[in-house]
Amino acid sequence: MSEEKMITFTEAYTRALDEAMAADPTVLLLGEDIGDKQGGGVFKVTAGLEGKFGSERVRTTPISEQAIIGAAIGASLAGMRPVAEIMFMNFITGAMDQIVNHAAKLRFMSGGLTSVPITIRTRTGAGTGNGGQHSDMLEAWFAHVPGIKVVVPSSPAEAVGLLRACIEDDDPCLFIEDGVTRVVKGAAPPPDYKIPLGKAHVEREGSDVTVISYGRPLADIRKLADQFAEEGVSVEVVDIRTISPLDVDTIVKSVCKTGRAVIAHEAVRSFGVGAEIAAQIQEHAFSSLKAPVKRVASKDSTVPFARVLENHFIYQPSDIELSIRQVLEGK
Amino acid sequence: MSEEKMITFTEAYTRALDEAMAADPTVLLLGEDIGDKQGGGVFKVTAGLEGKFGSERVRTTPISEQAIIGAAIGASLAGMRPVAEIMFMNFITGAMDQIVNHAAKLRFMSGGLTSVPITIRTRTGAGTGNGGQHSDMLEAWFAHVPGIKVVVPSSPAEAVGLLRACIEDDDPCLFIEDGVTRVVKGAAPPPDYKIPLGKAHVEREGSDVTVISYGRPLADIRKLADQFAEEGVSVEVVDIRTISPLDVDTIVKSVCKTGRAVIAHEAVRSFGVGAEIAAQIQEHAFSSLKAPVKRVASKDSTVPFARVLENHFIYQPSDIELSIRQVLEGK
Amino acid sequence: MTAAKEFSAADLAAMYHKALYIRTVDEGIRGMLRAGRLALAMHPPTGQEMIAAAMGLHLEQSDYLVTIYRGLHDQLAKGMPLELVVGEYFGRATGACKGKGGPMHITHPASGVMVTSGVVGSGMPIANGLGWASQIKGDGRVTVTCFGDGASNIGAFHEALNLAAVWKLPVIFLCANNRYGEMTTYADATACEKVADRAAAYGPNMAGVSVDGNDPEAIWTAMRDAVARARSGAGPTLLEAHTFRLSGHYFGDANTYIPKDEMAEAVAKDPIKVVREQVIAAGAASAEEIDGWQAEFQAQLDAAIEAAEAAPFPALEEVEMDVYGVAS
Amino acid sequence: MTAAKEFSAADLAAMYHKALYIRTVDEGIRGMLRAGRLALAMHPPTGQEMIAAAMGLHLEQSDYLVTIYRGLHDQLAKGMPLELVVGEYFGRATGACKGKGGPMHITHPASGVMVTSGVVGSGMPIANGLGWASQIKGDGRVTVTCFGDGASNIGAFHEALNLAAVWKLPVIFLCANNRYGEMTTYADATACEKVADRAAAYGPNMAGVSVDGNDPEAIWTAMRDAVARARSGAGPTLLEAHTFRLSGHYFGDANTYIPKDEMAEAVAKDPIKVVREQVIAAGAASAEEIDGWQAEFQAQLDAAIEAAEAAPFPALEEVEMDVYGVAS
């Protein structure tokens, strides 16, 4: 990766969409306010793309989440690769029938005669001060639905590579963008950069403890890993990238080596993605485990409005640190 | 429980609704085809209730899942206790916004000024030959949403007691009925029978292995426990009854005693309820575990139509037996 | 639509030919169910055949269809090979979807049968996407999405019709108003007098038409105009076809919720009976010819059933296949 | 509605009094945001005050309101104590919801403010339930649910209006058509000419009315009739009030997507400016009196802001409180 140029997450999303549309005329965009007339979406991710690729391929929609996903599904059945934007993840609740009963199942129910190569981009995350209906991390729901892939990037380069891969994938993909870190910068990847789906990434090798995560917490984990290194503690960092289908082998292999695991995610703790990862680890690395697998997550509650409460609701980097120390002590 | 009278699950649901409506004039029913003119619902659960309690309190609705749940929420804000029927669980996908963004959150977002004492009854389960859009077990989604309770009965008596408790509860409750066992009979409970929510039930004490489940698989587990008893293997059976909030203490206490745990559910395996239970057990009973916690579930796929495939899709009682043997061998 | 083709005796015969084919298959499958040679949830199209016949006659094979659980008539009218449909009903490896989808999810892109949904209203938003693709490609295809009166009360209907009108999509929203949604009457669930009244909510781009779906000429003509409108890029149509479910909601429905006289009147107006007389009166076909068609359809069905019953069940591995495509 | 009260100069003054109160608070809060004394996503009701004023004047305290993220005008017009609203904006323990809900979720049952939703269209199905409860209890209450033009394209709108009409509920669907949904124009998202045209889809039980929401007499009279209709059990009304968002979608919106002349014309028609002259011309209140009102409102707001800034933040334990009620 060229270290020269730095780009933000938002620039990464835009670049992936731009490259995908330029490379493949069947790639289409639809969503609320995404056109040029509307300024390219409330988060500006699609700014300029309508002008560049035309109003047939880039469509601003009414506020109709079911119609948005339905149109994406239908177009994909006719050979297109639509990328639908659902402005905030909490609004995906309006399109669950289309996503779960149709997008995820049509390949199976048709006996393989049809497929639904759509990508759903959505944005969420606590820390924006938007309160209970604009901040939920609901990835665990979709991970529990066979037939759809769930992807979360942890750097602008990953954002480019994973979004490109989602668009090229022949199955429906849910691509989740973080609302808080969208202006955070990272190294720009080379042109036409793609990252395979379904593969976890061991981004830092270590021998004492494995920390497994996706998305936003990885920034905290990278800092903590450096900090622990100074103490002589060697942390292995696994960025799963694709939540479902989950790359269990890479995770298990790592924990068999380190004997200790901490999982961190922003979603609320109970019945979250961390539960599946912990269940897999204890099942497949049982005899290697020197301590229980720990989970760090946000509190089992609704995302509050007041900043003091919202900050308290979200998982704390200090919780990750504490959990690492606990597993190191075998607790 | 009086052993004389036996009732089916369907009779149990009807009885709970009848008793609740007779006991409390604020209890209302709404849903598709539920009125007398329509024959009391496609599953006849509400048969006769409109005639008995009047058309103001028992309302047949259009095919409008969002409007059904919304009306239940609104009426509950005005002091009512509506019980909404969503015919099949896959159709609850149409009402996710109302359930997740509103019913589950209004108490929190209002700072406790309002509450949403509604009960959502729905029906599902593979084995009916209805295929991919009528059979999903989606309880894990709702368990991941703080603010709503998720309840599944494993016997007609539990069905009566838990449904009554849901209706009397001051929070939204999702009550999931099994479509396959609805004519299965069990002992009728005494009048006005209620079972507290949030408490798991150790229905059979044992010392060698704990089998944890809810709903349909318990019938298989009860048979297996007898079978293992003959072999001299003592199985403790825990029926969690309320999936969320989960009674972790009872589960952990049991596994600390037996040192071995098998979890069984009908939902697909990955990211299911079993993952949270396994994660909790390995975290809180780590040093007591003599074998990894095993999960038995249906395959990570779409529910197929052809019977041969559907039967192969569903968790197998023989898988539960095998898992028990494996944990007994420390595998 | 100046040069629009007028309804002729030949068209009447063609309509009846298709409708009779559908009825023969429908009755044959219900016979299998009655005989216990088949066990499944079936939603018979009995009495709604003329609507499907009109659609089938006006659409090209390349046009798209999105239908519902009550879709047998639509799938056959669109030209799906009979043995693929029957094989799917029997849950065999030779079925259209290898027995994995079943009657509520029959799919056959080669015939333009893109989606069959078991969720009320869900097909309409998907139909828009097919129409959008046609608009982009300029392939001139028309998409028809079938649904019932009860489905006009669900949110997906509204979102789909609004988008179709705003985007001026080549989609026909074909509503079979059969007076009931499961056990609930039209009036107990639907606030407007006619489903077509709802076109007013979607402005001038959305045509709204309401016809007697059991009247061959009326439904044939309305379908002709809707297809012409869509194909010419003039926009979508909400086409309401009044009809009746002569076999109830599902096979085995006792229809206790349907007033006796309403059912009796509907049975008396059974289009298969009524139109047969019209065809003969118009000299479009003789009684003997019609009996000949029926015999031929019966033979085709018998062969399909025989083939299905002889066919293998899908392999158990199929449960975990087609969940995802080959890893990309 | 024979004995319906006619719009008087006193009503005009009362409308303006409420509208000016709303504008004063709206501007004050935007001032706080501009000054950096407050940081949040605010959706200002600037320019839509007359609609809320009419609603507030015709509703009883016991009537129910379900509103949206752009709800400041509605909450104030319905009579919510100012310090509770301001406290919530500041995220303090003294806010209406202890700072847990925030501006998009303000609730105050004592004033009839039952739900404020941040999800477009979601309030309408909930409003039906409040109306259903009133119907059962016979308490004569009316429920008003506010939403925008863009919300008329979402499924919840359709399901809710159909159910309200079928059940003849005492609910008023109050649509503020401010020509934009976020950055998208009405025409780019909505197929019909007027939102009120959609009442036709819900039959005779649903009244459909479209008025100039910035014209005090027009909106006052339409609201009077809708409330009378609901209270008398005659059924729901879809009331469309044409207006404009003078401060854009959210505070900080550069409004680059709004044509300059369209904005200029709207600013020239700002009801707070225009109606002030009408009030004075009608002799309903003098310029001095109006300035006196404004000074009083400003003083109330200043006090509320001062109280909020001095108030404690909610305790951290609140994060895990009110998730469930006390175990039943």
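Note that the chains are named A, B, C and D in the order they appear, and that numbering of residues resets to 1 at the start of each chain.
Following the convention adopted for this analysis, a contact is a pair of C-beta atoms (placed from the backbone, for glycine too) under 8 Å apart; a residue touches a chain by one contact, two chains touch by 3 or more.
Fair warning: this is a prediction, and the values are worked out from it, not measured in the lab.
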(message) A-C versus B-C: which interface comes out with more C-beta contact pairs?
(response) A-C
(request) Report back the single chain whose CA centre is most distant from the CA centre of chain A. (result) C
(message) Rounded to a whole Å, what is the gap between the Cα centroids of chain A and chain B?
(response) 30
(request) Find the geometric centre of each of chain A and chain C from their Cα atoms only, then give the gap between the two centres in Å, rounded to an integer. (result) 40
(request) List the centre-to-centre spacing of chain B and chain C in whole Å, with centres computed as mean CA coordinates. (result) 37
(message) Centroid of chain C to centroid of chain D, CA atoms only: how many Å?
(response) 45
(request) Give me the residues of chain D that touch two or more other chains. (result) 97, 99-102, 105, 117, 119, 153-156, 159, 162, 166, 188-190, 318, 323
(message) Where in chain B do residues touch at least two different other chains?
(response) 61-62, 64-66, 90-91, 93-94, 97, 101, 108-109, 131-133, 146-147, 300-302, 304
(request) Sort out for me which residues of chain D touch chain C in the complex. (result) 153-159, 161-162, 165-166, 188-193, 197-198, 200-203, 205-206
(message) Quick check on the complex: what are the chain C residues that touch chain A?
(response) 64, 66, 95-102, 105, 107-109, 114-115, 117, 119, 122, 124-137, 143, 155-156, 159-160, 162-163, 166-167, 318, 321-328
(request) Spell out the part of chain B that touches chain A in their complex, as residue ranges. (result) 90-91, 93-94, 96-97, 99-101, 104-105, 108-109, 131-133, 136, 138, 140-141, 143-144, 146-147, 244, 246, 267-268, 270-276, 278-279, 282-284, 286, 289, 291-295, 300-302, 304
(request) Sort out for me which residues of chain D touch chain A in the complex. (result) 39-41, 88, 91-92, 97, 99-105, 117-121, 150-151, 153-156, 181-185, 188-190, 256-257, 313-314, 316, 318-320, 323
(request) Flag every residue of chain B that touches chain C in the complex, lowest number first. (result) 32-33, 37-39, 42, 60-66, 90-91, 93-94, 128-134, 299-302, 304-309, 312-313
